[in-house]
Each structure stands twice: as C-alpha cells, then as structure tokens.
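Each structure below appears as structure tokens.
Shared between the two complexes below is chain A, which has chain B as its partner in the first and chain C in the second.
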Partner chain A sequence: MNAVPLEPPRRLLSISVDGVEARVPEGATILDACRTQQVDTPTLCYADNLTPVNACRVCVVEVEGSRTLVPACSRQVEDGMVVATDTERVRRSRTLVMELLASSVEMNLASPDVHRWMADYEVRADRFGAPMPPLPAGARDAREPGHHHDPQDPTVAEGVAQPVKIDNELYVRDYSRCILCYKCVEACGVDAQNTFAIAVAGRGFDARISTEYSVGLDESACVYCGNCIGVCPTGALMFTSEHEMREAGTWDEQEQTVTNTICPYCGVGCELELHVQDNEIVKVTSPADHSVTNGHLCIKGRFGFAYVQARRDDDPTRRRKPTERGAS
Partner chain B sequence: MDLKLMQADPTAVERSAVDEVLGPPDGAWDGAVERTALDHRVARGGHRARDDRHLLLPALHALQGAAGWISRGGLNYVCERLSVPPAEAYGVATFYAMFSVEERPPTVVHGCDDLACRLADADHGLERLASKDVTVVPSPCLGLCERAPALLIQRAGDQGDSSVAPVTADTLEDFMRDGVWAATDAGIESAPQAADGRAARNQLRLLRRLGIADPTSIDDYRAHGGYEALRLALEHGPEWTLREVTDAKLLGRGGAAFPTGVKWKAVAEQPAHPHYFVCNADESEPGTFKDRVVMEQDPFAVVEALTIAGLTTGCEQAYIYIRGEYPLATERLTNAIEEARRHGFLGDDVMGHGAPFDVEIRRGAGAYICGEETALFNSLEGKRGEPRNKPPFPVQRGLFGKPTGINNVETLINVLEVVREGAQAYAEIGTPGSTGPRLFCLSGDVERPGVYEHEHGVTLREVIDAAGGVRGGRPLKAVLLGGAAGGFVGPDKLDVRLTFEDARAGGYTLGSGVVMLFDEGADLTDACLRIARFFRDESCGQCVPCRVGTVRQEEALHRLVQGRTLGSRADEFALLDDVAQVMRDASICGLGQTAASAVQSAIASLGVFGGDAI
Partner chain C sequence: MVGLATVFGAGGGTSSYEEVENTDLVLLWGSNARAAHPIFFHHVLKAVNRGAKLIVVDPRRTESAAWGDLWLGIDVGTDIALSNTIAREIVVNDLQHHAFVDRATLGNAEYVDSIMDWTLERGEAVTGVPAEVIREVAHAYAKADRAMICWTLGITEHHNAVDNVLSLINLSLLTGHVGRYGSGVNPLRGQNNVQGGGDMGAIPNKLPGFQDVVTDVVARERFEAAWGVPIVPAYGWHLTDMFHAMERGDLTTVYCIGENPASSEADKHHAVELLQGLDTLIVQDIFMTKTAELADVVFPASNSAFESEGTVTNSERRVQRVRAALQPPGNARDDIWIINQLANRLGAEWGEVTPHSAWEELRSLSPMHAGMSWERLEELGGLQWPCPDESHPGELFLHGRLWAFDDPQAQGPKAPFSIVVDEAPVDELTEEFPLRLTTGRRLDSFNTGVQTGGYTSPLRRGETIDVSPEDAERFALAEDERVIVSSRRGSVEVPVHVDEALRPGLVFMTFHFPDQVDTNVLTIEATDPKSGTAEFKAAAVRIDKMPERETVGSVSGGGGE
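For the complex of A and B:
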C-alpha cells in the first residue's frame, strides 16, 4: 500500500534574482531566494525565529512591476517574479536607511553583520551633522503624540540619546541604542514569551519601547526571561554583568570562550551557550536555530548562572516575589 | 496568557464610563475578573474578552471623556475588562493626540496652526486662555479651513467636544468671560454653490440636498430623493449594482483613484466570511473638509450609500471610522443611523428585502495616519494605528483579517448618483478617464472659501474663479493642490485640467481635492516648514525612512532658512533629494511616500528656499 503523504509537496516557483533564475518552494520570501543565491542582503528587524515586522526597510529590493521598492524579508515569492538587488536605486535606499539610523542611534555595539553592511554601503553617519546632546532621563518617555516638541535647535540632527535605564539587577536597557526593530516586543509577546511586558509607545520619532506608564521593569510584568536581550541586534538590551564590565573597561570578547551545555534546571533540555571570561560566566545565550528553544530561554537558564558560580553574595534570581507568576 | 495588571483602581466615574461602553461586568466570566486569591494583580481573560479588543479605543475615549485623561486606575480597569496587557494598552493610548496619559486640566483647546489658519492670520492670542482649567495645544488642520482660524474644544464631563470657527478676538473674549463657546454649524455657508439659489443648484448632484433637506430628519431626506437608490439596488440585486458601479468607471476619491467596481467585485467574490465594509471618514489631510461638510449636512446619504456598498459586497456589518475631531458630523451620523434603523433601512431586514445590514460609528482619536486604510483597520481593532504591509490587500485580508471593502465618503455618495442616473449617464459626466462630479475644498487666500462641486475636466482656473478668485483680487503666488501630500503649482499652471489622467501625465495630484490659494504676500517658506512639521508629527514611527526621514527633512529646511547649511546649499538640496527618494521608495505606506512631495515641488517649481539658484 502506498503511504499517504501527510503534506502535499510544496509547489516550486521560479524567480529571477539579479538575472539568475532560481526555484524556491511556495511560501518562501524574496530573502529566502536571495540566500539560496548567496546574495548578501542586509536585515535589521528580521530574525529567523520571529514574525517579520518589515519595519526597518534595509532589505528592500526592486521587483519588476512594483512602483516602490519591496521588503525582501517579508514579501513572498510569486511565480515569475523578477527581482533586482544590485541597482543604484536599491543601494541608495539601503544606504540611506542605515545613514538615517546611524545619525540618530548609537550603533557601535551592533552585531558584526551590521558593521559589515555599514562598511559595504559606505554609510556616513555624520551626513546630517553633529548629533544633538543626550536628553535627560524620562524626557522621551513623556512626549505626547502629535503635540510638536520644539527641539532646542531645529537645525541639529535629533537623536534618541538618553541615560541607560537601570531598574533591576539582571539586565539594563540602553535606549540610546534602540533602532526600534520591534524584536524585543515580539519576543516578549506572541513569538516567544507571551508576557507582554513591553510594547511600542508614542508615535513618530518619539516612538519608543516602553512598559505601561514607563514604570521600571521591577514594577512591570517582566519575568526576566531575557529573550528580549537575546534578539536585540544593537546591544540596547544587555546583561548587567556585561554592562558593568563594559563600564569598567574589562569586557573583552577576545578573551571569552563559549561553552555549550544543556540547562540543568528542568527536563526540557534547552541548549545554553555560556560565555566565559576570566573563569566567570558573563552572559548566557541559546542558539536561534536550536529546535527546543529557538533561541529563547527562561529566567533560570538565562540568569541562573549567578547561582552556579555564586558570583555575587546573593542570588538575584531569588529576590523576586515568588507569587507574581503564580506557580512558576 | 496570564495577564499581569497594575496596582491601581479606577474611580467610580471612570468605572461607570467604561461600563457604559463595555456593559456591566457580569460576574466571574466577564473579561478578566477571575482573580487568584494569592495576588490581586493576576487575572485570566476569557476568549470573549479577547474578542472584544476592538472596543479598546471606545473605552479609552470613555476614560478620556469622563476624567479628562487616562489614569492608571482607569487604564487598568479597561485592561482587566478587555484582557489587554497594560503595556499594550499604554502603547495604544500614547499613539493618539486626543488622549493624555498625564493628568491635565479638564478643558483642552486644540488651536489649529496649520496652513489655512496661518494664512488667516490666526494671531488671536489663544495662549491667553490657558489657566488651571484650560490647556491650549497647537493642532494640525482641523478640517474647518473654509472658516479659518479654527479650534476644537475637548472637555471632560458631560459637555462633550465642540468646534469653533472662525475664532476672533471677540469670540475669544466671550469665552474668557462666560466660559462657554457655542458649537458652530456653518450650515450651507460652507458650500457656497448650494447657497447660490436655484440656477446654480440645478447643476449640483453631490451637494444637491445641502441647505434644502433637514440633515436631522429622515422624512425630509426621503422627501428629497433619499433611499431611492437603495430601493433600486435592492430591486435589481447585487450583480446589477456591481455592474453599474463598474460601468460608471467610478474612481476612488480618497487619494489613490482605485476603480471602485474592481474593489467591490474582489470583496464580493472572496470565499472567506464574514465580509466587512468601512466608510473612511477620517479626513485629516491638511486643507480637506469636503467629507465633513457632506456628513454634517447630508448624513443620511452617507448611510444609504454605505448600505448599498455593503449589501453589494456581501457584508452584514459596516463601520464608519470618523475623525475624532469632528463632533458635529459624528452627532449627525449617529442620529442618521438611529433613524435609519428605526425606519427599517438598517437592521435585520433592510427595506423588507430580507437582507440584514447594520452600521456602527467608530471615532478616531487624533492621528492622520489612521486615514490610511490598513492603519485604520488596526485602529478599529484596538491596536496602534500602524499601517500594514501590502499584500495582502484589504479585499483579501482587511478588518479582523477578513475581506474588507473600504471607500472614502465622497466615493460612496457618488454611488447614489450612479445608481440613480444609471452607469451610462454617469459615465458621460466628466471625461472618459475621470467620470463623474468632483468636490474641491477651496481655502486660503480665496474670496469665497468652501466646498465646490465641479465635473472632472474643469480647469484649475475655473475652479478658482467659481470661488470668486484670489481674495481682494490680489495676484496669486501659488496653489497647494491635493493637500500636504500633494504639491504646489505656480500661477502659470492654472489651465491644467483637473482629471486623474491629466494629473498623472503632468506630475501633479488631485489628492483629496484641496485647492489652497497663496497670494502674493504669503510666506511659502513658512508653509513648507509647516508641512514638514506635519509629516514629522504624524508619522506613525514604524519604518525608518519615514520616522527619521521626516525629521531630517525638516532639519535641512531649517538649516536652509537660517543659512546654517552643512556644506553648500547645493549639498543640502542633494541631502533633501536623497531623503525624499528613500521616503518615496522604501516607506511602508503613502504617508512616507508623499512626505517630501509638496516640499520638493516648492523647491523645484517655485524656487522656495532659493532652490532656483542652484
């Protein structure tokens, strides 16, 4: 007897990328097609383990018949699609997107990929002049939508520079580095954690990642799974250990080793990557392509290392009121 | 999902305002009231509560209206009832200009400082109003440009909101003395053709009933031809209506000029159900007020047309999403819907033909972007008004993820003419590529500002002449055509024909029918700076080209004005071009895609900012 296939095989669609024909399964995106062709495509808000929000627009390509450029990360391939990624028009938009970001956001801790793209596209962060000085703490959080805030000097490039938010012992939020890629919101929400402690608040350039009424994380619904840290592409969300070491000038990735292990706390089997410097675990990640975690962990895997090595006198994970999440 | 709430309780006033919208909580099953004994901050929401998410905006309006701001306790209660995480609800509340999450005085005066009101010399000293009971905030165009300068009063408590236009030093004095400001209804003065007497009136179609039929009376509406079109549509059935609308070649009047018949057919044919229809009444394009005048003076026509649209496309439920700053239009439409229900024109059995159909009004809350159709859907669903990426298109997946038809108010009322006159007769109006009549909004330095109805193919000069020409007979400097998302044209372009095809060929746009005049003395630099600020303030902030590009555009213009350029002036123009291109090419939606067009047109064709010197 013939076995009944559980899923019908997916139809193959043909697409031309920069003049080269390719065949990709139905449902694939232009980005998928570019990757099968080894066409390097910059992405900022896209991640394999999150739903595309297509907000940053750095991945845009030309699609024949389309008036505007099209985001490669989220547009599904249609049969016979003709895509160009190496045109002057595409380069100009990608360059400008990165220049606009770099002129308003501190990008120096962005991932190596991002730095490579910024170099490839010859991004000039200073094209719009010297940035405005940092705003006092809370100033951006208090902005009201639609009510214009006259800048101190309307000719100077407005930015998002502001003091780091430190309101708990496990991780810090440095929104001077936030490119508003929505990844942390997705990781906190439906894509992983289902906690919804943070959301985008405000509008336009004043849009920001925020808790309700911008209360501290300790007052918010945050459960310290740290999944937002795991997905943040620019270092805006950072382990306190890393933040403190960077402040002290002792953070040194060259000196760090990464050890893979399975989280000991429960039976799920999450894979951990322990980043170790000078015999101390300084941060914990999980591979985004790991079948169990998709890169996401819980508070124990993410921050329990302090418990393992008793790096501090007391265990920060034990300070939390146990009742807040019910039976967890 | 367990929901973690804040530790804050609503006041009795807030609670009852929310209950008024959501109904009283009916015990442990409703919303998020099943609390754990351990912790009163954890609540579990049922399916039903989550399905009610679309009531978030009405609930926030209720809080804002009752208390004058959205307090923690109030928001917490809404979150509990609707099972919405507080961070998300806060994100929604902080998206809209009419909501405040900071305590503020109970009366907020939104004083328009946009283009037409600047031309009207709005220097009447609004700031003098500020007191412990009154906050004054500047506002983008309030859609009252024909009576500029304008303001909107938003009041906590029972009084509700009201528009005031024109604002004069005298009306201001009265307000400061008596503390009241009567809402203004200009009636047909806002449509000067309708006030012109019989001769001119005979040529009117869309404005035919203005000033003749009582906008609050369904009987009067019917006495003047009302509900004839719906009767015809029901007698002939949806296929016939669809064919008529298609053959009439009716193009959308909301800006994109999409063929209405094609859109309706696509919705009607979608296998997924239910289907929804939406009337886009968010009119917020600076200089645009035609939809408001129609809704205020002929509200039944909007409801009737929407009924035809909905029944033709297989919908049982429609929404009118109306701009939050339109209190009178909202009141008139609400009354029209209630009357229509009472007389069997809405409800379980529309006009006795067995088909159910109903309409609900939803108020926006101060966000231009919510006029963009997919942002509007998100807003209606209780989310931030951020546009969605297309595809999928609304006809495939629109409101609540279902096939949705959406039309502008003016597009819809044209349907009544199509059905009444027949497709053939309708298609003979205007030009072959742009059929039918068209409303224009004349404002600025014009002799008789207001809404004017013309046939497509009329020239810009004819439109201006019909409104009495430039105010005081002064020389004309420029016309803003199509709104802030449109462009400036110089006095040498007055003979352009106003059709979709001419506009496309000539590189201009009719947009939402804005014709704003700037006379010799007007300051176009100032106008461009205001437009740049408008887009900066109204960008939803989702995508980089628009969120940052609109800011960089405004800064570059300020540098040009102040002579503090980075490099040469030519460098600044090159920078502006680059920013314009990335906004046009890579933005998600039409806001970013058009945010540079008016400024670019002013630089290129009128030499504003010294652009001609380069």
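For the complex of A and C:
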C-alpha cells in the first residue's frame, strides 16, 4: 500500500484496574481496559458499533478522585487512573440497576451474558413485588409528561407489560421487553441509518420508544431496514418469523446454523449471517465488525430472502408455508 | 467498466468504502444511493455527519439529493455538458492540479481546447443547472483536499455511457483527485457481482483478471497452456451485440445463465421475438422466468447467494466468499456442477470441478487474484484486488502509481484525458412525445422484481408514473388516476403518482413490476457502441387520459394477466 495516511502513533496510558497495572492506547475507554484485563463488566446499552449513550449505568465503576460512579463504556482512560470494579458500592449500584429493570421488564430473551450477570450479582427482581399485569394496548403510549399516576398496589411491581405491536409483516415490537437502552434509536439515527423514525417519548417511568405521535410504522418514517432489530439486546424488536416461531414453540436455537454469505442484491457486498433452522432462513443479521456493513443492512438484505423459500413451497419437508403465516 | 479500463488499465472503482467516510467532498452523479445502495450511503452519511460536502447530480430530487449541500437537477442526458462546463470553470480559474496534470496525464492541451466553448452560460442553457451552482461545484471539487466522484446507472444507462464515464474521469485527472487516499472515481455496481463478472472475464474482450484476449499475448498463451485449447484472439459480443447477431441470423444458439432478457431488455417486444426465433435456447435459472418459458431446455440452478459456494466481488473490489446455508430444492444444482457436467458430456473431460478448485485455477492464471488463497478469503472477510501474493494485504485504493512522478518505471503508463462530445438522448422530445421518461429503482425492490416480489414490503406501492405537480396540473392528472403512457415503441396503462421530486417535463417509472406494468415496452433500445449498455434512462413519452369506456387488455403491455 502506498500513501495511506497512517494515524499518528498513540500514546500508551497507565491505568490500574482493581489493583492491576495495565497500559492502554490513548482514546481507549475504561471498558476497553477492563476487557483487556479480563474483568467481566456487565453492559446493556453499549454496543461496539454504536456511540455510547450512558443510558443503563450497569457498567459503572469507581474512579479514584471521582465523587460519583463513572460509566466505563464511555469514559476515556486518563494516565494514572485508578479504577475499582469490585467494590461494594459498584456491586450495589449494578445490582440495583438490573433489579429495577428485571422487576419491570420481561428479560427472559436477553443474551446469556445478561443472565450470567444477573446470577453473578444475585439479582432479586421479585423483591419489589409481583409483576404487574399487562396494560391495554396503547395505554403507555397515551401517557403525557407531568401526568400523575397513583401508586399501584404496593405488593405489585410497576411494569411495562403490554401487547406486542404487530403492524407489518417484517418485524414486531414487544415493548414489554424494552429496557430503554436507546440502541434502536441510535441505529435508526446518526450511528447508522439516519432515518430518525423513532425516539424516546415521555418522561420518567413513562419514557418509551415511540414513532412520532405513536403512529403505526406504516405511517412513520420507518424504512424497514431492521437495524433496530440488529442491536436490540432483549428481544423487544424481533423478526416476525422469530416471533411466530416462538409463539408456536418451534423456535430452537440449538437446531439453528449460522452461515455467512454475501447479499445477492446490489453491488455493495454486504455480509449476511443467515440463521437457518430446518433448511429455512429464520433470521438475518450482519457482523458488527465487518468493514462493509458495520452490522447494518437495508430492507432487501435483511428481509429480501423470502424468494428462496418460496421456491420450496412444493417441498413436503418444508415445515411452515407462507400461507400458514399469521394463523398461529 | 470500459471507461475506467480505457484510462487506467483496470476496470474497477478506485477507492474503498472506508475512504468515503474520510473524504471532504462526495460528488454523487446519476446515483440515488440512498435507495439503490443504502449501505454504501451509510458510509457517505458518516462523511456528511463529520462535515464533508455532498453534491448530488440527478434529474430528480431524490432521497439522496435531500441529503446534499447542493442538488444539480440536470436535464436527462446532459451529463457531458455539465462535466465539460465544470472542467472549463476549473481551467479558466487556474484550479487544476498542475503537477499531476503535467506529470501523470496525457493529452491535456487537446482536452482543454475541446472544452473551452463550454462557458457557464452555455452550460446552464444546455443542462438547466444555474451557472452559479455549476461554478460553485467546480470550485468546491477542485479546491477540496480529498474528493470523490461516485456514479451509478444514471451515468451508464445511456447511449453514450462510456463517454459519460470518461467525462467524469477527466475531472479527476484535472484536479488530481485520483490515486490518493480519499480521492477517487467509483462506479457503484447496480447488481451483486457485476464487478466479479468482469473480474472473471465474463466480458467480451477480457480473460479473467482483465487480461486482454487480443493484445495480451502472454496471458492468452498462459490460458491456452492451462486449458489445453486454443483461444481465438478476437473480441466477443456483449448482450446487445448478441441481440443484433440474432437479428442478422448469426447467433442461433443461446445458453443463458441467471439473466432474464425477456423481461429486462429495453424494447422487450423485440427481444422476445428474437429469443423465440433461436434454434436452441437453454436457460439456467433459479426461477421459471419469462425467458425460461421460451427455452428449449431449462436447467434448474441453485441460488448463488444462499445455496452455493464461491466468491463474488463488490464495488470496492473486495472478493468475498458466498456460502451455502440451504439445501437447494428439488433437482436444482449448483451452476458450477451443471456447467461441469455439461462440459464432461460434451467430451471436455474436466473431471470434477469444485468451487475451491475453480478458484485455485483462477488464482494461478490471474495475477491480480494470485494472493487470495481460499483460507485468506475466509480469515480476512474478503480481500481487495490487486493482491499479487499471499503476503499482500489487498489494495485499499488504485492508481497510487500515477503519483510516482520521478520514477517512470513505477508510474507506468500515464492516464490520458478523453475528448468527449455532448450528445442529446437518442429518443427526441417532440410535440407528440413531449415528456422525458427516466427509470430507476426504489428502496425495497430490485430490477424486474422476481426476487423482491418474494417478500411483503410495507413500502411497496406497485408501479406508478411519477409526475411533477406542474405536469399533473398541466395535463389535469389526479393521484392514482390510471393513464396511458406511450412512447414511439408502445404503450402501457399505469396509475399516476404526483411527486415533488420531479421537475416539469420529467416523469419517472421503475421496472420492478413487469407483470403489472411493462415499463420496458416504452424504453429505447439505443445502446452505447462501446459498452453495450441500453439507454434505459431517457425515453420520450406522452401521457393520455383513459378513453371514456375502459377496455382493459386492449392496450399493449398494460393491465395484468
């Protein structure tokens, strides 16, 4: 290669993580430093292909000289920084974040990492009471900032349970599972898609992800790229195929293979990860570290595979025909 | 591909997507990348969000143009007039990169002579773009530290496609915006693996690796030795030539793999007649396409992206692995397997060819692919050509050699300017056909819709003829009103959509829904003699109200079956 501008060499900075000295390049975050030291740090709103938004506060650490706890995912390392991740204060804060989320949100489809952290931190979501019964469709969307709600029955934990929003054939929105990590908003916005179809509406516990005026996706700016699904950590945003198979009890990740290939449409060459169960594509993702896509796709790349399945309509081994869609 | 190969000797985009993010100015010319290449546009938006200038040249004010600092709404087919005007403005203001022009290019004096009558005023009169805007673009492009020109089918689907490309390359030579990180000239390939098809020699004048079949004797002999057969040192036909040869009766047997010319060719009535007139038509496809319905023999093929092993090449010259995720249905077989079987039964004795063995053979014959072992392609997520040996990381951008001013050996052949002349589209506007029809893609659909028709897109609204609010008023057209659109070749029936992105006199259709509306009945078969690309982008049409009593089916090409 010739004439490629090399980045200026980066200074190495010293940092102490839980008493162990480490050297990281300038610009690295405390989370980067923790990871190089194999210090297991829980994260929910952080993703490698998005700008940190500091929404969840589950990665907080103690930094010597800092009055408050510091989010590891966004704070850049300074030379000589002394960080503690295993103090009582850090553990209590992280535990409380996870307990409050788990008491109000359905977390069962979060990643295995999240479940491991919840176990490690001995999260007891039930100590705030039994889960609240689901609210009617649209109830949370109608709440205005400043409106007062009377406290619920104290034996019941306030929650966000509500019916799944199904307003198109490509993906569903199950906001009973939404922890407000903002990842979908970032992916829809400047971090990738720049469509700005969704944002956070409401304040306090009424905050929720919403289209403008809570309109259906068909009336919104949504272009169905599904990049919000790609970054959702809790299964709140999901392919319709996955949702239906889960409802029918046929979703089985143990039986699925993931094969990387290249999208057959335009000439950009996006890398697809095809999740296949019983010789059928059930989900499409893209690797976050791929230089072409950075994990993001368009509507054709993410959903445009159906034609290969349609060729199998006559195939008796095919488990689920398109005509059966929505019947379950 | 022809234009880039003529000037630089290699038919590929010069830059990487990564560079787009770090450039200072993107000139997007004849490309609605926001809809047609959405993930490429993500890289453009990264540049825009960090302050780079985006200038969009397109007759329509597209979704891409909406992101631009400037939109140049040129009249269809006046691209050369615009680029020559920009070039003159650069020259008369002494904004050329003198060192680069003097020491890395050829023919500058003659080129400059050829553009000197393209004053801003004349440019405005021909293109419809205000002189002041042309001036601003010329100055911004020439003065930018790094600048990139990217184009798509708005440049290449014209009868003078190659000249259009050459005229854009001229701008890059004049300003030294090529062969450097962040500066380059880049065609965005409209279809997966268009680049790879060229790489693998599926063009009439090149062997794999862009080695000329006539002039590169050494390469030809290398292939002859490896394949054990003589190779005729003559250029073949591209698709349009083939149709002309069918017309003359010189071409009587066609083996058509993964193409659907009965639906996709401009002036398709004629294309279907010619295909019907063949002695033998073999079609190998994943679907029973309109072309397959005309065939004597159909070979059911596996899908190349989801059911096959192999490689494709993208618009940044990255060779990437495709892998089989699904078992193909029924008797469908991999393309390589079918061709292999056919060859063996014809007595060629190829033995058993696998995707991997075919790739190894390619590497041994194409120097630009030599360093791309199967293992490296797996490991590195693809490699960009040229990659001459296994220690080579793949080339981020092309033609850096041109900047080796003091080392003629390393610099290699200098890049020639091309004298290009403005030519109006072949299909003239007249009183009878007063409207300019241009065609393009929508975000959720692709080409003739055979693939994208398979999924239910909430954005899909079927075919429409998009007209400007001014024309809707002039012809008293209402939204959703069905009208008859006619060109010199045929008529279709289609609903109206009023779209503010269009200017008076310009109408727009896609060709995604041929079963509903057969747009290519209207388009013109005029093709570029150098590349064989058809002029899908410029037909002359008129819009007529439906007759009082609708007689569905009486209009050729209209309605559905």
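Things worth noting here:
Assume the second predicted complex is superposed on the first by the 300 of 328 C-alpha atoms of A that agree within 3 Å, B and C clash if a C-alpha of one lies under 4 Å from a C-alpha of the other, contacts with A are read in each partner's own complex, and residues count from 1 in each chain.
Assume contacts are C-beta pairs under 8 Å (C-beta built on N, C-alpha and C of every residue); 3 or more make two chains touch, one makes a residue touch a chain.
This is a predicted model, so every value here is computed, not measured.
By the touch criterion defined above, A:296 reaches chain C but does not reach chain B. Once the two complexes are overlaid on the shared chain, A:146 sits against chain B while remaining clear of chain C.
By the document's definition of touching, of the two partners only chain C reaches A:257; chain B does not. Once the two complexes are overlaid on the shared chain, A:281 sits against chain C while remaining clear of chain B. Once the two complexes are overlaid on the shared chain, A:266 sits against chain C while remaining clear of chain B. In the superposition on chain A, A:93 contacts chain B only, with no contact to chain C. Touching of chain A by both chain B and chain C, each in its own complex, is seen for residues 194.
Against chain B, in their complex, chain A makes its touches with residues 53-58, 60, 68-69, 71, 74-75, 89, 92-93, 96-97, 100-101, 103-104, 127-129, 142, 144-148, 154-158, 179-180, 194-207, 210-213, 215, 220-221, 323-326.
If you check the complex, the residues on chain B that touch chain A are 1-2, 4, 6, 36, 38-39, 41-42, 72, 75, 85-91, 94-97, 100-102, 137-140, 366-367, 384, 389, 391, 533, 536-545, 547-552, 554-556, 558-559, 562, 564, 566, 575, 578-579, 581-582, 584-588, 593.
Residue ranges of chain A in contact with chain C, taken from their complex: 1-5, 168-170, 190, 192-194, 217-218, 222-225, 257, 259-272, 274, 276, 279-281, 287, 290-294, 296-301, 303-312, 314-315.
On the side of chain C, the complex with chain A involves touching residues 17-18, 36-40, 42, 45, 49, 67, 180-181, 188-195, 286-287, 303-307, 312-316, 318, 320-327, 329-330, 332, 381-382, 393, 395-397, 400-401, 403, 443-444, 446, 450-459.
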